[in-house]
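Going by the order they are written in, the chains are A, B, C and D; count residues from 1 in each one.
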Amino acid sequence: MELELKLNKRNAIVKEIKREGNLLTVSVDDVIYEVDIVKVRNHEFSILYKGKSINIEVVESKEPKHFNVKNSHARYEIEVIDNEARYRQNRMQAGPTQGDNTIRSPMPGKVVKVYVKPGDHVEAGQPLIVLSAMKMESEFKAGSKGIVREVPVKEGDTVDNNQLMVVIDGEELES
Amino acid sequence: MEQKPIKKVLIANRGEIAVRIMRTCREMGIKTVAIFSDADRLSMHVKYADEAYNIGAAPSSESYLNMDKVLATAKKSGADAIHPGYGFLSENATFSRRCRESGITFIGPSPESIETMGDKISARKKMISAGVPVVPGTTDKVTNEAEAIRQIKEIGLPVMIKASAGGGGRGMRLVHKDSEVTHLLRAARSEAKTAFGDDAVYIEKYVDSPHHVEFQVLSDRHGNTVHLFERECSVQRRHQKVVEETPSPLLTPEVRAKMGACAVAAANACNYEGAGTIEFIMDDQLNFYFLEMNTRLQVEHPITELVVGVDLVKEQIRIAEGKALTIKQDELTQNGHAIECRIIAEDTDNNFMPNPGTITHITEPLGLGVRCDGYVYEGYTIPIHYDSLISKLIVWGPTREEAIERMSRALAEYKIVGVKTTIRFLERIMENTDFRSGKYNTHFIEKNLAFLLADNQENANEEDIALIATFAEYLFRLEDSKKTTVASTGKKETNWKRQLRKFTSRI
Amino acid sequence: MEQKPIKKVLIANRGEIAVRIMRTCREMGIKTVAIFSDADRLSMHVKYADEAYNIGAAPSSESYLNMDKVLATAKKSGADAIHPGYGFLSENATFSRRCRESGITFIGPSPESIETMGDKISARKKMISAGVPVVPGTTDKVTNEAEAIRQIKEIGLPVMIKASAGGGGRGMRLVHKDSEVTHLLRAARSEAKTAFGDDAVYIEKYVDSPHHVEFQVLSDRHGNTVHLFERECSVQRRHQKVVEETPSPLLTPEVRAKMGACAVAAANACNYEGAGTIEFIMDDQLNFYFLEMNTRLQVEHPITELVVGVDLVKEQIRIAEGKALTIKQDELTQNGHAIECRIIAEDTDNNFMPNPGTITHITEPLGLGVRCDGYVYEGYTIPIHYDSLISKLIVWGPTREEAIERMSRALAEYKIVGVKTTIRFLERIMENTDFRSGKYNTHFIEKNLAFLLADNQENANEEDIALIATFAEYLFRLEDSKKTTVASTGKKETNWKRQLRKFTSRI
Amino acid sequence: MELELKLNKRNAIVKEIKREGNLLTVSVDDVIYEVDIVKVRNHEFSILYKGKSINIEVVESKEPKHFNVKNSHARYEIEVIDNEARYRQNRMQAGPTQGDNTIRSPMPGKVVKVYVKPGDHVEAGQPLIVLSAMKMESEFKAGSKGIVREVPVKEGDTVDNNQLMVVIDGEELES
């Protein structure tokens, strides 16, 4: 198998060369690695590479095919670039993304204030909604000018992680 | 004086502190009663207690802060005492009074002590009369310019001018130089006038590069008060303590003795009973000033326990029973060094946003000199309604250096998956040279923020290894998905399975 | 003398002790190398180490005991020292010698010390010449009856007569009364003659109701030796220690001082270097006799660490580096009380059969005064090839009583699902009056077995609640099974799902 | 739902009366209980009964429909008596059980010694096989006189928990 993975600005090709039990030989771009790799539990890998014992946590993030990867002292966000991702990337390059004008909750919380309703004109930077979690309040602002299309939450609602809170129509409509 | 043994304690709190108090009760053979809100049925303190009662809806105001319900539950369960923990009702004089009126022992100070120390002005006056240094400044408001300038001269620069009616930073000016005095004073008064319709001001000495050093005290009702030395709490972010240690790397034995005497005097001045903390602000020249008294157990009390060898909750209970302290001041010593790190559910990379959610995995650090006071467990969902403190990691070592090394080791062992935490941020604090040298004040985090947020990248290979692990994750999932076909799905499907299905359906 | 700093240590061991040693190495900034057998790829010590190398098949003889492979791995990894832990190669003089010959620092005593103390006869003779009391008895074998009777008189009853060529209990007689001497001596010699063709015997004082008390020592190569007081290890089952505590509830300060001096003399007599333990047997009158010396770290070393405040592994490493001890005998004190309970994977209800298997859940006890030295984790399968010790739970308290209460509390918090363990058995020990009063000897478990195996039933309601929980389990499973239909199953299916399916297919 | 549960010598009937969220009302024989019961995780229940907080561990044992149940200070072995179990019970009462002459491993381990082979006559108490686990050896003996029918393991084999090691034919054949 071969896979394109994106880490910051780097797009790396990882290719399986050989696999025998725990021993996996792969190339990462031009470098060949032979590692002893075992999945300890859902999120945890134990890797032995040239004798070094490395523990790596691989957790899928909110975004599909994005992984938060941690070793003992560094963190990486790695994206799997497959055909679907490439298609999405191309679409995003084609025009302004609809995502810019969508406010989603970055964490579970309670909606304590909603400043706008569908049909309102908003300017960039205008406060839209206030979310409270763990005794801290966070205000969310419009990313750019537009018209509020949808506010699927109301004051007092409890929202989940990554839940849609406000949609603003900019120049183009969501497809 | 009357002694009243405590047999059953209601803990009017939740989270790690409720569990910590119950641990000591269990060791003392005292029964424990938990109270819980609708959001906390599966919280650790409910499972840990001997008895547990629902007392209302998730918001604290409808449950943990509802005095009627708390007191009614104490009656119903036959609890003879209430331990308030910290936060919630712990520094509420009315609650202390209502406990007394209901014939329930409040494990904490009298309402009178709480009232005296809870009001900043009255506390300041008490301290002055007890001979405890307070931040130099005007005791009453100043309404004319000449008097203000005279006071500023007397206090000495730098000073902070504060609008008497003020708040939120308006009408406030920091004065560093003689040449600025008149100009800034007028600016402050004018802004105060506009904002609050009142140009009266207070003037206070401004403590530059301040250190936050606090002293633990214990007082019984027989007139005995001891202090259990200091805690250095200058590692703060937005006035929230992040790391605490004892002994303070700053104090000399002479200053320590002077501050300890002041702490005892402060407690005695308000007829204190129980465990309390005198907070001081200190400058680089080791001048110290009374800041406030916390009339309750502190979050960071465990570092004192490790270095002094005393279980503070046990002492609180003994004092509340009316017993005399068995601890003598001259028998107390500081043995070794202890550090506490607060493990908080927040996203340090995203402006320290709180990060509630479900713990999908937790591995707590173990071994010599490591204590972990937590309350979350695998599968537990941290509610959005309460504090973001997940646990406190406390280490002891014979020296400060060894304690820091041990803390680094323990933080590296600590694994929490499912919510973002401050663990890595704390690891960086332990690696920071300012922290390691012990030369830091309350500006520490602000000053070192870039360092604290950065990763400690070792070499390029590691990036490739991370890529390989991700590749393997993708590969293994793909293989699993080929082996399994889920025909229909039910509620019992594990998260892992559900994610797997969502994931593979996208491939 | 030469000092050689240690930068990288190979730990020639596995399980909890390998992890415990690595923790200290990490705190000292020393790199660690793990070795592992085919059965141990996922063992905690492999994950904890900086480097890890496979050294062979599962049986110890082909891996952890294979000196060639261990030494070759040390060379390959560039380790400058080897820590043997306990068991395996830790008391192997040949291994200590081969390390020395390979230029690798053996963190432990010289081969000569190991040899001297490893041979019972030579150790006994060394002790006699060093003035350390040994169990009174004949130094050489006795071949005629008159001489035997003379010796028995000299030693004093009760005595044990043992066939010189013997073993397995044959040719052994315990003599309590004068009137039995001749009769039992003849019986023993006759049986010895028949069994081994040799009627020579040894005679030893029989220590009735014996206590096992041991002393920890540290010796450097500069001639300094200190003892770190005793450990009471009389709670044993089949000569395996189960619970250890310090201080011993039995000793007086005078006897403690005398034993400590003997322990130091014993270590000096064999030119000891490193951490070692002198085991004594003691009778109810506090007469004590040298039993043997363990020339390595003990399983129960943590209780000493908690009470004396010294990291013994750190001291071992410093001594091996050639540094002089910084600890002075007269600065050492026993601070509070510590107890260790060994958590073992065995079925106490089924003749203590070992019980390897997969850990499906683990919750370790936390909080003030609790230390847990373990190595298993959720999802880990304990191999069948090695020791059944899962972890050691160690508590500290200011007094013995408080330590016992804390241990009870901690044991109650300790949850392990998937394999049977000794946790409940240990809880019962903490509840036992003989143990609580401190009046116990090595017959303790045998004497109290019925109590220790019994449950502590409270009331009839509880039985009904247990029935209700089982009912709910059945009900919930049934409901889940109705919601889910698994069409095909793959490898990734969780145990729970698989069990559910097996279960519901039977309904 | 109604269920018959066996606890030692007691056969109890547990019957669901009402269920609302976590609140479950049941009768156990003649006594009615209202409990707040939640399954915390696979093996763990949290029960509140008249204010008391009770944690119960319910783990299915090797035997089908047998549960090992633990609270903070007592253990119970509880068996679900359904039609299948009743059928099995009746069969067992009808004649000597085949199980008496079957040796299964009580734990995972390694077979270090096999004393018998198919066709051997054995007496009650005669050693058949030795299993080693965690540095301890355990010897298994014949429960009664008979003829060895099957020894599906050999020396050096690793066996799982509850794996069949020896079958002895007594008076009757296994059905």
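The definition used in the following text is that contacts are C-beta pairs under 8 Å (C-beta built on N, C-alpha and C of every residue); 3 or more make two chains touch, one makes a residue touch a chain.
Please read these numbers as outputs of a predicted model, since none were measured by experiment.
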Winner on C-beta contact pairs when C-D is weighed against B-D: C-D
Separation of chain C from chain D, taking each centre as the mean of its C-alpha atoms, in whole Å: 33
Whole-Å gap separating chain B and chain D, where each centre is the average of the chain's CA atoms: 50
Interchain centroid distance [CA atoms averaged], chain A/chain C, Å: 50
Chain B residues counted as touching two or more neighbouring chains: 378, 412, 496
Junction residues of chain A - those touching two or more other chains: 41
Contact pairs between chains, per stated definition: A-B, A-C, B-C, B-D, C-D
For the chain C and chain A complex, residues of the former touching the latter: 33-34, 41-42, 46-53, 76-77, 378-379
Chain A-facing residues of chain B, complex: 345-347, 350, 353-357, 360-361, 384-388, 412, 415, 417, 424, 427, 455-458, 461-476, 478, 496, 499, 502-503, 506-507
Chain D residues touching chain C - in the complex, by the definition given at the top: 1, 3, 5, 7, 10, 12, 14, 16, 24, 26, 28, 31, 33, 35, 37, 39, 41-45, 47, 49, 54, 56-60, 64-65, 67, 69, 71-76, 78, 80, 82, 84, 106-110, 132-136, 138, 158, 161
Interfacial residue positions of chain C with respect to chain B in the complex: 19-20, 23-24, 26-29, 302, 305, 309-311, 335-336, 363-364, 366-374, 377-378, 398, 402, 405-406, 408-409, 412, 480, 483-494, 496-497, 500
Residue ranges of chain D in contact with chain B within the complex: 22, 36, 38, 40-41, 46, 48, 51-53, 55
